[in-house]
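Letters are used for the chains, namely A, B, C and D, taken in the order the chains are written, and counting of residues starts over at 1 for each.
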């Protein structure tokens, strides 16, 4: 099954729209049922992170989610946040003390997770992930894929 | 699905049963609930996650924030969870080392450090 | 709640994706529950019609669904079919004998409804509909709106 | 939700109970079923729509196609439907004038022109 492209404004409610669409299309494309929870969570994380960045840096731009059947089920989430500010997001583990020493949390800002936490979670969850600067403008591209049944 | 919250006390323990989805959209509601409890002197909190269908990093952040607050009062924040897909998220993020996770509310309420 | 833009390739399965998204976003935007069935059907019809046109005339182009909260809940479905061929679709009742004399069906092609039937159904269902040539290129724009709670 | 179809006979009537969504995606399956029945000599068909959750114009087209086929054999195609949101679609499109619509399978099976 071919392409779906979803663009959402930077609103937490639309992260749900993105999860809903990604999960429905993945299922229909033939991704194993056992992977659907993972897709729901990973897409939610990628979009939540994009929404946070947009709220701060690009409130009027849309976030783009691309779902494509290319032999595997490929999901790409592209934000329009500044890639400069993005540097600290690129290494999922940075600022997080290797996910193993979480006392750093308690120095943090009222329980917000450190920057990069969402990406770290994606990294721990999804086997095939790439995180790159968009290249053709501002923003970052999170690309994830799952096998098709 | 929206978040549902219900709160009750057993002795000096306060149990918050959470249902539905804890995500970037609903997490603020849980955050407020935890802040309210601590402001009102509940420092030993058990968060029952058995009714949770979805939990993301924003939800984890709210739980960590709650833990931070109760610790400032020498309190505790314990979780109840047996759902594998939720437990997995705590494991991946290393948060199983931060939160005591119990298989039932009774065990969480009975537990002492 | 602000904008959602969904683009789908011309595949019947994605008509379901479109229905799912439109209904979920409408509900979350505050459209009355009683209108959700109507939105599901109307969006499905608009997209089914677009998919048929694309299958014939523009198989590699995407169909665009725009959901916007502009005081009312506005749904726009835009296809990339030729507007020339579209002429016959513009009048929902044309070729349909005024929806009242359906014997014309039986002259038809194996039970496929006459061209324009989907639009006729939308017209009968939705109070506020406009159907116009896109203007900025090929294709037709079906614009429908519903009151917000 | 996907389409479900189940077929049974009562005398010379064939009842097709449809469940789920009849739309542009699933309608081909129903079309094939109706064509098969007519090819195998079932000319009096009752389509039970009570389990249908969604019906669009493609679905209507398939029903009209079925009616056309049975008529060619002097047969009948009757519908069973009491769901208001489905009935509304037949009314809007004028198809209440084309299809006999019955409140129960029993009445549809008993009906004669």
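Just so we're on the same page, a contact is a pair of C-beta atoms (placed from the backbone, for glycine too) under 8 Å apart; a residue touches a chain by one contact, two chains touch by 3 or more.
If you're wondering where the values come from, they're calculated on a predicted model, not measured in any experiment.
Chains making contact with chain A as well as with chain B: none in this assembly. Averaging Cα coordinates per chain places chain A and chain C 31 Å apart. Per-chain Cα centroids separate chain B from chain D by 52 Å.
Between the CA-based centres of chain C and chain D the separation comes to 24 Å, rounded to the whole angstrom.
Rounded to a whole number, the gap between the C-alpha centres of chain A and chain D is 45 angstrom.
Counting partner chains per residue, chain C shows two or more touched chains at residues 13, 16. Under the touch rule stated earlier, the contacting chain pairs are A-B, A-C, C-D. Those residues of chain C that touch chain A in the complex are listed here as 1-9, 11, 13-14, 16-17, 20-21, 24-25, 28, 62. Partner chain B is touched in their complex by these residues of chain A: 12-13, 15-16, 37, 40-41, 44-45, 48, 51, 99-102, 105-106, 108, 110-113, 117-118, 120-121, 124-125. Residue ranges of chain B in contact with chain A, taken from their complex: 21, 23-25, 31, 54, 56-58, 60-69, 71, 85, 89, 92-95, 97-98.
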